[in-house]
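Below are two complexes that have chain A in common, paired first with chain B and then with chain C.
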Partner chain A sequence: MSSDSYIKRKNRPLQVYAVIFLIVLYVPVLFLPLFSFNDSLYVRFPLKGFTWQWYGELFEREPVWSALMNSIKIGAAVSVLSTAMGVFAAKAITRYRIPGRGPLVGFIMLPLVVPLIIFGVALLVLLSQLGVPLSLYTVALGHMIICLPFAVATLIPRFEGFDKSIEEASADLGENAWWTFWRVTLPMVLPGVIASLMLTFTVSFDEFILAFFLSGTQPTLPMYIWGQLRFPQEFPSILALASMIIAMSFIVVFIGMWINRGASFGAVKGDET
Partner chain B sequence: MSGQAFISIRQVEKYFGKFQAIDDVSIEIGHGEFFSLLGASGCGKTTLLRMLAGFEATSGGEIFIDGQPMSDVPPHMRPVNMVFQNYAIFPHLNVRDNIAYGLRKHRLARARRHEMVEEMLELIKLPGFGDRKANELSGGQRQRIALARALILKPKVLLLDEPLGALDKQLREQMQLELRALQRTVGITFVFVTHDQEEALTLSDRIAVMSRGRVLQLDTPTGLYETPRNREVASFIGTMNFFDAKVSGTGAAGIELEAAGLGRIRAPLRDGGPGSAPDSGPAPGARVQVAIRPEKLELSATPPGGGAASVEGRVETAAYLGERSHFFVRLDGLDHLVAVSAQNREGVPIGTDRTGPVWLSWNPASVVVLPDA
Partner chain C sequence: MSDQTLPNADIPERGATRPGAITRLLHKSEALRGASLLSPALLFLGVAILVPFGILVVMSFWTPAGFDFDTTFTLDNYREVMERPIYGALLERSLWISGIATVATVILCYPMAYYVAFHVHRNKMMWIVLMTLPFWTSYLLRVFAWKVVLGYEGVINSALMTAGLIEAPLEFLLYSQEAVIITLAHAWAAFAILPLYVSLEKIDRSLLEAATDLGDGPVMRFLRVTLPLSLPGVISASLLIFIPTTGDYITPALLGGPDGAMIGNLIQKQFGPINDWPMGATLSIVLMLLIASICALFILLILFIRKRIA
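What follows is the complex of A and B.
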């Protein structure tokens, strides 16, 4: 019955369109792993043969490892800091009557739409005026700007998803705001916190433009990739590296979304009878 | 009452922006009393309860609990606990941790805390439920856990915000009895918010009927039902027949009135209510409302003898409800129908399909005179 109701009835042309859309979106990306296993220096059809050679070469290269460690350090620090700030921002936005709440949220989300090159140039000018040397710290600072909107956007639905009477109940049972946060609020939003940590880590890990402007002598992984593009003989190894990054990003984001599934679970359970 | 008032709400006001949610409310609640705030949604009853809990600040006036002013006392320091409308059970904790939540500060030994939780589970008749998860509970069970979680802290006052509203009818009636029994067992003051007048009548020692942020009448269940003080209370509590009337005289025997549809009738003279001087009754010529409950009217197929107060009419519609029947009777000179509720103790008093004349009679003592609205 329900499958042929007015809203749910099938529409063949739209289904075909949806499949084509997904193919156009992801097939270019799939060429990376495809050629990363190709036994040839050149990216061209027909494929020659299967090889692990390019992956093997990556592991023997010291600069790849140090760039990877740089990206992991920045990603870890940025994800923890931006998620912590995101928790406080999301709590403030959803729980208190703040004058100008709309514009405030708008300003937090703005870095998602402003070209990063503008933030990159602006930060570079500011830091050089202040005499701050470029380092991994300055890259992390830049990444905070773009990770905070992701953290806030992930966490706000979690806070909105549970009834504020649960926090009132904690206060009513004798706990002050501090203890209420640790005993009720944080456990309730924990799936959102984990999702935010994973998402902001991948955003920082993959970021290139700000890292390009703000890094000193130590490159991040995306910068290393960019640097190696000049050497044709390195290209297959770069394809292998890029393939691994895509796979890892996909896995991390997927796990984060799975943990955070049903952002309103607290509310649903609270209303259940 | 004022000498031993346990909760004292004095001239309390509350504004949300320009909207006045509470308008000069003063209520005294005694120790161990089961007190209800009754009214339609939006009447301010929940706001008043949340002010007692400390979740809303007062805009004016003061609330005293056990003699202490509450204005500067935050919710977590007040000697009250609350049962929330949706129960607000902590979904990430099991039943035991929910009930023991408020005991952290008491720094009890683990065994002692465990023992107290088991005692509470016993009291709410859910022994062995300690390890259940919050999402494995039914509505009635959640309601009991919410009660236990509050009662384990031995509060001086328990606040209940429509705690039975989410339950189905049968469970609600069972929980009403249990709640009343529990209140007598633990002996603490209950302040109960409800929009269900039947529930309020069943449970309460006293009830404050609220509307538009004001208390319309504060009385015992019997007082509210038998002697409502105005038309709003009379129509909110139960069903009431109203008749426009004009006072023709007041004497020692009561008030003489000329009522639309009923003719010349007599009503008893009553006190204006607690605190006011005995009423000398409305002045002759004053326009008033006469009110009679449907079950205080008697229906018969023949004119009642003995000079009883009665009037002739015609049954327009009737409904047979098993234990009782409802009749709607058309009277001359009245533009609305009069509701009559008759117990079917010895069969239906008259056929529900009757077309001939019928007679309504009543005891003058059950006539209530209200100010004209």
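What follows is the complex of A and C.
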């Protein structure tokens, strides 16, 4: 038996495991849309019948719309700001020899790992000591902390992926650094920028803990959902709302990842584009 | 990360046009240019992370006084955390729950990452996107989905009852430590898969061939080559899950009930209903210190084991 055949050989049990794994990964989430169309106030089997009622109800609710607008405002601001900072940071990290780069990158990625409740609490304490009232701005400030590492992580592979000599050529042809950035670098990393905008928007839009600690009187959409979870009679409408949010998140993230696919995850082998 | 771009890193600046004094300085120094690009992000994170942490540490030495704080320095909060059993018990339970969730997630995700790294040859990207996609959607809603699945009248109970397999709903499904562990393992799977996949993908295939040629069977080959080489992935996956889940709030709040409550819930209570902010700050600091020391121990242990094997 040649060693080559070992590596290429199919492993049936592992394949079955992988398929089951994916099913288990998705099925719990899919129960939300399933029951959101169920014509019953109770979330349980057997299913009663198909209805759009819970979706229709949502559209007439004023608080849902205002919470949605709050989330969109914060998401838009946060995604643009964190992506802008992320572009410069990713360029600096990949292009220049910076002393202590490893620890610096680690510091930027820290918010991905530290429990968010700690950030929420720490920012809350700071803001209250400074006398800053809680508002959508403070929520956006909190979201910036978690979106920045996502932006940097999305953009770094893009910067690593492109040929540095193109930038050098631009410089040789007399463009200054600023124009080189606008006319050469940015177009090259544009897929990464778009992906970063979409991913950070989703992260901010879906984030709950920081909003929980840092929002004032205006709730974001996840905060609104959290508030409604206490009322059993609201369950079906929340299922409908949750289904729409999850569907939108899936679509936005999928498109974002697909746009950026050539660069993601350390350039996946065997899938060149 | 991009070490291959470094050796000729100072060439491009030469072609630039005649710059002003500051620009000239920037052009001369690699580090300075890099630092100036990095500075907005670092400055922001520095202010938004370090300053609040500083205040948090300071506040942990205060005590509440009516609606305000008594700002005289005292270690009373830390003493109370040590002495009152409720704090220790909750901390211990949090570490225990997320420890089990971490081990379960890493063990369950390893074969999956292994499969994609070694046995998927076409559409690898598709598999990775599929595995990580749910992770990007709302954490709150994914936990909520588990509440729907595990609830007293939820998917599992009502399905089993409709099928006539059980008479009354199984009560242990919701509001238990098990429910919290299952949900955490499910929700953080992507955090385990990515580092595991990256470390497995990096393994040089010729090492496996060499092991085979030298007479190792599949099991020995895995134990002696693949597993040790993927150890960095296992370590980072474990840390990436253990650290954030220990302080998790949403999952224990929605699915834990009284038995499954974790330290995150108590911290939130200190800032909410109990209204003892200094104690909340103290608990946060203690939690961070505990996590940091456990992670340090874990890394030392792994390094020690690796030295013994090698």
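Keep this in mind: the second predicted complex is superposed on the first by the 258 of 273 C-alpha atoms of A that agree within 3 Å, B and C clash if a C-alpha of one lies under 4 Å from a C-alpha of the other, contacts with A are read in each partner's own complex, and residues count from 1 in each chain.
Note that contacts are C-beta pairs under 8 Å (C-beta built on N, C-alpha and C of every residue); 3 or more make two chains touch, one makes a residue touch a chain.
Note that this is a predicted model, so its numbers are computed, not measured.
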Contacts of A:Ile166 with chain B and chain C, given as first, second, both or neither: first
So, does A:Thr94 touch the first partner chain B, the second partner chain C, both, or neither? second
Does chain B (first) or chain C (second) touch A:Trp179, or do both, or does neither? first
Now for A:Val80: first (chain B), second (chain C), both, or neither, which partner does it touch? neither
Tell me which of chain B and chain C touches more residues of chain A. C
Who does A:Met69 touch here: chain B (first), chain C (second), both, or neither? neither
First, second, both or neither for A:Pro187, with chain B first and chain C second: first
Considering only the touch criterion stated at the top, classify A:Val105 as touching first (chain B), second (chain C), both, or neither. second
Once the complexes are superposed, what residues of chain A are shared between the chain B interface and the chain C interface? 168, 171-174, 176, 265-266, 269-271
Under the definition above, what is the set of chain C residues touching chain A in their complex? 1-2, 5-6, 9, 11-13, 15-17, 19, 30-31, 33-38, 40-42, 44-45, 48-49, 51-53, 55-56, 59, 108, 111-112, 114-116, 118-119, 121-125, 128-134, 136-142, 144-146, 148-149, 151, 153-155, 157-159, 161-162, 186, 189, 194, 197-198, 201, 205, 208-209, 212-213, 218, 239-240, 243-250, 254, 264, 267-268, 271, 277, 280-281, 284, 287-288
Which part of chain A faces chain B closely enough to touch in the complex? 162-163, 165-166, 168-176, 179, 183-184, 187-188, 265-266, 269-273
Considering only the defined contacts, which chain A positions touch chain C in the complex? 3-4, 6-7, 10-11, 14-15, 17-18, 21-22, 24-26, 28-29, 31-32, 35, 42-46, 84-86, 88-89, 91-99, 104-105, 107-108, 110-119, 121-126, 129, 141, 144-145, 148, 152, 156, 159-160, 164, 167-168, 171-174, 176-177, 199, 202-203, 205-206, 208-209, 212-213, 222, 225-226, 229, 238-239, 242, 245-246, 249-250, 253-254, 257-258, 261, 264-266, 268-271
Which residues of chain B touch chain A once you look at their complex with the stated criterion? 53-55, 74-77, 80-82, 84-92, 101-102, 104-105, 134-135, 138-139, 142, 149-150, 153, 166-167
